[in-house]
Amino acid sequence: MAKTNPGRFFEDYAVGETIGHAVPRTIGAGERALYHALYPARHAIYSSDAFAQACGLRASPMDDLAAFHTVFGKTVPDISLNALANLGYAEGRWLRPVWPGDTLRSSSEVIGLKQNSNGKSGVVWVRTTGTNQHGEAVLEYVRWVMVRKREQGSAAPEPVIPDLKPALEAGDLMVPEGLDFSGYDFELAGEPHRWGDYEPGETIDHVDGVTIEEAEHMMATRLWQNTAKVHFDASARPDGRRLIYGGHVISMARALSFNGLANAQMIVGLNAGAHANPCFAGDTVRAWSEVLDKAETDVPGIGALRLRLVATKGGAPGALRGGDGKYLADVLLDLDYWALVPI
Amino acid sequence: MAKTNPGRFFEDYAVGETIGHAVPRTIGAGERALYHALYPARHAIYSSDAFAQACGLRASPMDDLAAFHTVFGKTVPDISLNALANLGYAEGRWLRPVWPGDTLRSSSEVIGLKQNSNGKSGVVWVRTTGTNQHGEAVLEYVRWVMVRKREQGSAAPEPVIPDLKPALEAGDLMVPEGLDFSGYDFELAGEPHRWGDYEPGETIDHVDGVTIEEAEHMMATRLWQNTAKVHFDASARPDGRRLIYGGHVISMARALSFNGLANAQMIVGLNAGAHANPCFAGDTVRAWSEVLDKAETDVPGIGALRLRLVATKGGAPGALRGGDGKYLADVLLDLDYWALVPI
Amino acid sequence: MAKTNPGRFFEDYAVGETIGHAVPRTIGAGERALYHALYPARHAIYSSDAFAQACGLRASPMDDLAAFHTVFGKTVPDISLNALANLGYAEGRWLRPVWPGDTLRSSSEVIGLKQNSNGKSGVVWVRTTGTNQHGEAVLEYVRWVMVRKREQGSAAPEPVIPDLKPALEAGDLMVPEGLDFSGYDFELAGEPHRWGDYEPGETIDHVDGVTIEEAEHMMATRLWQNTAKVHFDASARPDGRRLIYGGHVISMARALSFNGLANAQMIVGLNAGAHANPCFAGDTVRAWSEVLDKAETDVPGIGALRLRLVATKGGAPGALRGGDGKYLADVLLDLDYWALVPI
């Protein structure tokens, strides 16, 4: 048993340390097909090489969230195997497209540590970077998790709490090289709405729902080599239910958001995210979005929308928190991201 | 909510109008693998590049039904989002193979309209064409659906009922360029039966059965970007059951038909089709075929069989309709198609 | 019905006969993605082109077990359609990697026959060879099955029982051309353990478990074009349960064994295998391994470990047989194989 990975405990992290995560992964045509089989994904740049080429890209890149899940999945054995909770995300930036055939690897720098007052656990902040086979960074994001301590009595580290932006600014967003919406075909993309048609404060009900199956969320989660046992082993939780990987809910909600946000083509920034309540097989996932902000990018014709994407298993579009400020019980996900939209 | 697609109602169609459907789609190696994972598909031309090349093709094309589902899926948001029933198919022709890496798009011409006598709905006939990234038509077919009216009192259009062939003739069928069965390897293909071994009137029991799972039919249906909510959302129907996309039953039955029709390699014509009864997860799908007709093509060595493919969830092979002329309750699908077979 | 395959009965086999199996199959990027979606596979050579290239290979090959299942699947219609039991494996050798895009076919030579004393069935031994599109053998193995007789009274053949090795020797193992572990990156591979760190007698608990779903095992089994009806048709067995293809359990257990055997990169030999008890959906599969032997290969830096891989649905690691010598009821699989490991 000494040969298996017990995961790290809170004591095993040191601020400034960089952890190289194992098992690089080549993703391509097969993962793209599976992404479309697992989610009702229809954003045209990820669906069609011809459409992507008409937008100045050399081919249809891997879905931004497929890249995210792949990079994230590699971190699980080192960061969250003994995690009690996935607390938040910040400063997520997609730095360049991931092309079919690219090989991704991940590393994480520990940027913060704070022991909890109960002495049993602590919060670990890491900045994770995904790189391709050329050594180019494709994605980076900060995540913080609550991790068990190995021993309650062990000494607490000096607390370091990183200074994180509440949201990226437009200048932080990277527009993929060559992206050009000047000949953008709105009919082919599926909707006529341009960047100028969206206003902060606007709420969009994405209407459709998908009832979640065990086989699907497990296939998705394995595809990203995420090994957290609660997703796969029905005996891991006292209630005998498998907890659905939060990323499955993110991808499902994003795909559903096509209906109303078909032209919010590419995700380029992740400002924040909360997995508000657990999701289980049998839940019917719906989604709504709120336009939080809008900005121009440094590329003519390409605007950015800051969107709140909320996944629910019930409740009305727009309903997020109760009078106590807590998420409503039907809210599964509250994600704050930036996407590129033709102006 | 104004930004989401409410679908078209009967009043929104005009004869002669052409509707360009959204979201082009590149399909390839991943979709081929998924097709083989979702259906027990074994027709050798679609299973093996080497076999396809020995038949004069440059590679194994995408399964004819994968091409059909992809083209069909794009039409759903414009044609059948508010449909009450999918009534029929006619004059379906596969015009050239779809190769891995091709990008497909669809458009539909409205060729018929007839309001129902109840004033609440009407029938819409469309001729849908799928084209590849070179602008070449790969597939065309006529479909008619019953669509809700937006308002019961709105004026009825002049009825136009298209004149459709009850079945394609041999001269209508397109043999893929280069296809050559002169060196056809029957052992590798799996059965010794040639075109000459089949006779009209013959019934073939395909023996095997597959019990349908929710995860599988949803993955299939999403793969073709078919968005009809009854397939995904357990809360969409009063009975809480998800209706299985008719195309899933078509592909399942066609794949099962390998056992007895292993050499009916390529589908080139769709004469008619009826989804006789709904299919739900838990049903065990079986299939039988009846040879309806046979014809030579204009290519030596390549014959065509006209086949009735019936999918059932019970009942004896050959049993199709009751004394009242209606489909028996266990019949799921009655499909009439032409396939190419070595002579 | 005369056109469908009734399968072979015991009387239909003759020692020395070679059976060419139908339906060649091209496997590639799609099958690789599905393999990673269906199993928690993480061995780096199969996960990453870049890692494989750093180990001297031209790309990431298809998983050894994907090759095995593909070759095996083709044999089912000719060997095991009327089989009562799959009795064993021996002398399995992976002869060269299967690359994405390769087309595989299978043939089997009958090497043994022995009628059972009850006169109703007999044992058939076959040596199956998988070849690629260049006619090169990629895999060979011996399998024996118990097959029904067509008629109880028919004459028994002269018994021929092949002389099979209880285990391959190191000299029998083929190291893939070019494989070179001299620059092997243990951090990227996921674990630090070298060949020298494993000792015969050592038992490794692979810790993690996966609860099996119907949709997943059927997708896997279809992917390899294995047509045995008990895996797909809930009405095929009196208890209404679908029996899970033994190969699904093999792949699941092998993937789970990453945790402790991350560097047992490539399977090159199959010494023996028993499907000890049936597996059904809902079972939670776990795995443990025992190091049976170790050997050097003729390539410097590449060692071989002989491993017993046991899949269970319960019970303690190391528990295999009861006092009566029979497999414990929770044991699903007992597989004896050789894998290549960096020295």
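Order of writing sets the labels: A, B and C. Residues in every chain begin at 1.
As a working rule, a residue touches a chain if its C-beta (ideal position, glycine included) is under 8 Å from a C-beta of that chain, and two chains touch if they have at least 3 such contacts.
Note that the structure is predicted; figures quoted are calculated from it, not measured.
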item: Type of chain A:chain C copy interface by residue overlap (half), same or different; value: different
item: Size of the rotation, in steps of 5 degrees, that lays the CA trace of chain A over chain B; value: 120
item: Mean-CA-position distance for chain C and chain A (Å); value: 36
item: Overlap residues in chain B, where contacts from two or more other chains coincide; value: 28-31, 33-34, 213-216
item: Contact set on chain A toward chain C in their complex; value: 1, 3-5, 20, 22-31, 33-34, 77, 101, 103, 105, 133, 213-216, 218-220, 222-223, 225, 227, 229, 232-236, 242
item: In the complex, chain A residues that touch chain B; value: 28-34, 36-42, 44, 47-51, 60, 187-191, 193, 197, 204-211, 213-216, 259-262, 282, 284, 317
